[in-house]
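A quick write-up on the structure given underneath.
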Amino acid sequence: MTFFFEVLIGGLLSGVLYALVALGFVLIFKASGVFNFAQGAMVFFAALTFVGFTEVLPGWFGLEPGSGLVFWLAFALALASMIVLGIATEKVVLRKLVNQPPITLFMATIGLTFFIEGLAQAFWGANVRGLELGIADEPIMWMLDEYNMIISKFDLIAAGMALVMFVVLALMFQYTRVGRALRAVADDHQAALSVGIPLKHIWAIVWGVAGFVALIAGLIWGARSGVQFALTFTALKALPVLILGGFTSVPGAILGGLIIGASEKLAEVYIGPFVGGGIESWFPYILAMFFLLIRPEGLFGEKHIDRV
Amino acid sequence: MNTANTTAAASAAPYLSVNNIEVIYDHVILVLKGVSFEVPQGGIVALLGANGAGKSTTLKSISNLLRAERGDVTKGSIEFKGARVDQMTPNELVKRGVIQVMEGRHCFGHLTIEENLLTGAYTRSISRGELKDSLEKVYHYFPRLKTRRSSQAGYTSGGEQQMCAIGRALMAKPEMILLDEPSMGLAPQIVEEIFEIVKDLNSKERVSFLLAEQNTMVALRYADFGYILENGRVVMEGAAKDLANNEDVKEFYLGLSGEGRKSFREVKHYRRRKRWLS
Amino acid sequence: QEQFIGLPSYRVGPYAAGGSGIYGGWIDYMQLINQRDGGINGVKLTWEECETEYNNARGVECYERLKNKGATGNSVFQPLSTGITYSVLEKVAEDKIPLVTMGYGRTDAADGRVFPWVFPLITTYWSQASAIVNYIASKEGGADKLKGKKIGLLYHDSAYGKESHAIMDKLAAKHGFTVEKIAVAHPGNEQQSQWLQIRQMRPDYVVLWGWGVMNPTALRTAARTGFPRDKMIGVWWSGAEEDTVPAGDAAKGFTAAGFNVAGANYPVIKDIQQHVYGKNVGNMEDKSRVGSVYYNRGVVHGIITVEAIRTAQEKFGKGKPLTGEQVRWGFENLKIDNARLSALGADGFMPELKVSCEDHEGAGVVKFQQWDGAKWNVVSDWVSGDRQLVRGMIEESAAAYAKEKGITPRDCSKEM
Amino acid sequence: MLYREAGQFKASYQEDAQIFPIRQDRIGFIALMAFFFLVVPMVADQYWLQAILIPTLIFSLAALGLNILTGYAGQLSLGSAAFMAVGAFATYNFMLRVDGIPFIVAVVLGGLCAAVVGILFGLPSLRIKGFYLAVATLAAQFFIVWALVKFPWFSNYSSSGVISAQEVNILGYAFVTPEAKYLLTLVIVTVMALIAKNMVRSTTGRKWMAVRDMDVAAEVIGIRLMRTKLQAFAVSSFYCGVAGALYAYTYLGTVEPEGFNLDLSFRILFMIIIGGVGSIMGSFLGAAFIVLLPIFLNVVLHSAVGAALPPGFGSSLELMIFGALIIFFLIVEPHGMARLWQIAKEKLRLWPFPH
Amino acid sequence: MMMNDMAQADTGAAAGRRIGEVILDLQNISLRFGGVKALTDISFDVREHEIRAIIGPNGAGKSSMLNVINGVYHPQEGQIIFRGEQRREMEPYMAASQGIARTFQNIALFKGMSVLDNIMTGRHMKMNAGLLSHMLYFGKAQKEEIEHRKKVEEVIDFLEIQSIRKTPVGRLPYGLQKRVELARALAAEPELLLLDEPMAGMNVEEKQDMCRFILDVNDQFGTTIVLIEHDMGVVMDISDRVVVLDYGKKIGDGTPDEVKSNPEVIAAYLGTSH
């Protein structure tokens, strides 16, 4: 039974981290109806830029490597880069594709993916780097002593950070003027334009915020498994979370994350051995698919309205 | 009606003027072939014409929504209060006071009616209280919306959506509204109500209107001036009263012949169509 | 006089870290030969890179594009990708270009009678698995101590990862230990459940048959669940700096196999630094990576390629560019003994090698290195696997392929 | 004034419903076919045939398959590569296990297997729409590749999961030379493209498009949504399956399940979006674009200016330019190259007048 | 009220058009969406060959009523009897196969297809060549295609949309789209045609044309028509009987004249200006 709970809790914590990546998707989808394929690339770009700066900054300014100052300076610079990237995306890509069908915008973000991946590697090279956030990745001792259960401190803190972000963003969407405008844009670009919602600002804001989310996700995932191209794959983990929770819902993303995280781990442990293991690659998708059969727009997604 | 003095007061300076514009869609489809007209401050100008004449296109070129449909103003200029506005974004235009109500409603389906209305006030930085007042005003004009305020717009009836679209534009507190077929799909008494609202806003708050309307009868009743568009050209213009008395207009746009309105059942043949230009 | 070598490389994407290191080392070594020796007996080496992105279709395109370049065509094709290897496996025989797949590709191609054009060289996955078991045995104090032990096999859930299954099962049966196979789905950046399972099973060792991000993640998660890292043995695709550095302290004590070692303290690397980087023609952007595991592996690629060409020149004429067919002969008759290694400045850097018509593997040994938190340290001599068992499996598998394809294996006694 | 339809009158509906109603188009098409069937095999070298033309044709076929599903029937799918894998592995097993089975029959059966799997994974489309469906088709992608790796029977117990295609032999003629393989591929692709064209210009295609454009209205007209969607899934998967079989048999020779990864699925999706969603010709244009552009960039950046760039930078630059060009194309024409072509023709028709 | 229906029909209808038996009978229909009561206990019938109008203020439930008739919405209560068959719910395609066609308030054309293809799609119920024969485009498929194309061309001629045959419908102005939608519905040769505000957004001239089309369809093919329209002129002129809905309830039913003078209807809908 301890084992069961260990797996369950571990899964839930990983789930929150999946949800963190999914959140980036949700933001952009909600605000523009675009399925942003580049989300994974943005996570990679953000983390790589951050690590890149921590490497070069000491040399530039004679700072002590690994110091808090370097960390925060690198963080600020990485965030600035993400915002610049967001604004540039709006200027060069989205503005020109207003009111186009979703699939076209989707494709544009695929182009963007290639671009960002190339850009990141052109700037910082393809090397794999380590990243230390200074949060020890070790089991919480009293849990281990008391219940013989392994729960990682790192995961717990990361999940906590993620949850704070979720709450803030969820509130913003529901209750602010900008949040409302974002949702309006997602419904109908042209109508949003017609009431004077400045698409460019909105998009720049959203992509900036998505960049911030990507940076956080990049830092956490980068600290877990190194800053390398594989960070782009975190997007793959986020997709089932996204469909399960619904493309448009921040709470959906988090609940979806919890469900996917927990069930995928439990399935791997309890079902995997019977079919040869490795089912984590598809299990979340199949699970999400069955969920969709019951609720076609995910748990909290906006219902597709078709009236005649 | 006090049409006469509004027109007189306004004719001094051109408020909105459209000068000889040409519009091409998709680089190949030429739709407007040199359209010019003016809207005086505080005026109500009707743009009339058959389906496909280019009314919506004209409105969209003023509000700069054309680019979103891969359309382009290739010639001519558009001026509002003396400044060229053709290169402005719709957002800047709304801030300057020009807002369009698009044909076919275009409500934000997933937002509630009230949220839809609130998006209309996006460009105004106002306090919560003022926002509430504006809302109340719209609800006052359209009580039906109040009862449906918390339903998602996508699930409301056609007419409710139309009201929502108009109400949304009102929330921006515009100086000039471009109304594209406001009466479409509305029950007759609501049509009247909407035009009364137009009248009201026009006389009380000096809001100018440019309306594209198929319901010529009503449009000419409320407008000061009218332009008739055919095939992307202005083929006739004049004071609303004069137009309403023009024989051709009477026959083709008002369905009135010499002996008054004909029953729809009596119109026997439809293979006749007179065009001023084609 | 120039000898052309086509390089189907990958420097972007998930595989780039390995690619840039290996191709960097390889190119630097060829540069060294050109700069220091003026080529191989006066024949300068030329090369052209072609980006494959590790994608099969693009690999085939590169292969076709490169094959007729240079005066005598491409001399050797080394795609560094199992997928591309398979895609050109049959073409190389038609085009008469040797295909060298060091540490990847088709294991049974070590049977040169069935695969005359393919050279896995030095070692194969099966030899490696067997060597790892032998290494564990030596740590435990003898093969008999393996009995009753439990070895966890944490593998990348792909064809690559599954290559380990058959041989491990055979070895387990032979030595009386048990294997617990645990799959990690690609890409493997989340292994919570696998390691909790491992914690339950309590294996004595865990063999990490991983790739890419799966490796540091495994190390980190092992640390988190309290599995001792010095009981984890990695394969050569799990044993580079790229695998340990991201794991931070969690990687300390981790041991991995390799058919080359890390370190810049070898004459050959020093020569590269002097003659290549000294003249500012080095290929690595990040010079600190010179001497890393992947870089040195690239140097091994370079050494073997150059030595094969040198060997072939002995037969077909010194100082002349050779055709792919002639270079193939060079590979098949390649013999690098310790004396030669010393001469090359690569003593202990890579194993001795003797290739023959039957045996395209030629060595079958690996060294084990342990990560101390900053660098790899060699902790064993060259360890061989169970050559007989492995060879048996190779021949069996090759024979099955020959049958399926209707290939009559060469009779090696008739060759030369 | 060359490109005019003036003076070409159609006397019957049959004439009006031709694939190329305009004479100039017909002539152009015949010339093109003659070029590809007669001239190319004679002049193209092995590189062009094996590394460019054959894969372009095969990817065109896969793109065509996806276009039927996504472009015509409006069901977004990210699992095309998996259906290709089913086709390839099924064909392999038919060839392997059924003695003396003719190649074409094996390919068709392989395609049918893909169709069956396609229907299975198409079932959720009855309830799920848009991007939700796309992500659900990812389940197919991951599951199928996993299953092919996991169950060694599919690859005849080959230790590495790789299958090695048998020799293609039709009526005693062995297709071994690149020219022969090219012609075989070309024939199959041409025939299937014509069949696709026929489907989309008849009721079948109209039903697909109706479901795509507005499914409620389609249902009100009496179209059975379930049947139509599943039919599209089946046909599309069949096309992908055949493409997969050709991928194994006339192109690579040996394939591993992981070769049919998500990346390939995306690549096929790029093809139809760049080429033109809902256009047969677009599938071909898109495939050519996606196959050729990276090669072109690679040649330019590595062979031409490669020496001047730091290593690795060239490859990154390649990726950046590729991405930028995709975006550029979409901005110029969001509806793909096929639409660009159409607009060009419309302009040509009006030429020398601008409108 | 029922009794003078026939008399009214006789005089009002053009010669040769005889209003027949009840073919559609709606009994006690109630429809709710969550808390919204779209329709409450509504009953009325439609007779063969008649033009039956439904009017009412916005949001009264008119469109919902049509949706109930052809199976898009499933009412919680009530019964629908169409040509003697009684049912409460069915799928839209079943309604289509029984001869019910319709147009939509918000145009629901297939935007990516040409006018011709849109109308051809309307005929698909009558085409039964299989997939294989379509693949080859030979034999039955081709024959069918041509045969039905002829029918479609008749509809195109009838509605005078020859010149836009090959245009993608998305590019057409609103009014023409409405006409194409009608064409698509007519192509199915329906027995019962449901029209949801077919004349919205048209000027008088176009409305006249549209009325003519509707009357002609009704005359020439004997098609029964249920019509929603806000233009009272049109409704009063061309319909045989009118149902008035308000807030989901029926507040009037009868001939145009009767409805016009019904005080409840005047209060709720017509207002005093008419």
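As written, the chains take the letters A, B, C, D and E, and residue 1 is the first residue of each chain.
The rule is short, and it goes like this: contacts are C-beta pairs under 8 Å (C-beta built on N, C-alpha and C of every residue); 3 or more make two chains touch, one makes a residue touch a chain.
For each chain, UniProt lists the protein as follows: A, D = Branched-chain amino acid ABC transporter permease; B, E = ABC transporter ATP-binding protein.
No experiment lies behind these values; they were computed from the predicted model shown.
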Chain C reached from chain B - shortest hop count over touching chains: 2
Higher-contact pair (C-beta pairs counted), B-D versus A-C: A-C
Centre-to-centre distance between chain E and chain A (centres being mean Cα positions), rounded to whole Å: 49
Between chain E and chain B, distance of the C-alpha-averaged centres to the nearest whole Å: 29
Centroid spacing, where centroids are CA-atom means, of chain A and chain D in whole angstrom: 32
Whole-Å gap between the CA centroids of chain C and chain D: 36
Chain A, residues touching no fewer than two other chains: 117-118, 121, 125-126, 236, 276, 278-279, 281, 307-308
Contacts with two or more other chains, residues of chain D listed in rising order: 146, 216-217, 220, 312, 315-316, 318-319
Numbers and ranges of chain C residues touching at least 2 other chains: 11-12, 16, 20, 157, 185, 285
Residues of chain E that touch chain D when the two form their complex: 70, 72, 91-93, 95-97, 101-102, 104, 108-113, 117, 120-122, 124-125, 127, 129, 131, 134-137, 141-142, 144-146, 149-150, 153, 184, 188
Of chain B, residues touching chain D in the complex: 24, 26-28, 30
Complex contact set, residues of chain D against chain A: 70, 76, 124, 127-132, 134-136, 138-139, 142-143, 146, 150, 215-217, 220, 262, 266, 269-270, 273-274, 277, 312-313, 315-327, 330-331, 334-335
Touching residues on chain B, where the partner in the complex is chain E: 25, 29, 48-53, 103-104, 144, 148, 151, 155-160, 162-163, 181, 184-192, 214-217, 252-255, 261, 263-265, 267-271, 273
Contacting residues of chain D [partner chain C, same complex]: 46-47, 50-52, 55, 146, 149, 156, 159-162, 164, 251-259, 263, 291, 294-295, 298-299, 302-303, 306, 310-312, 314-316, 318-319
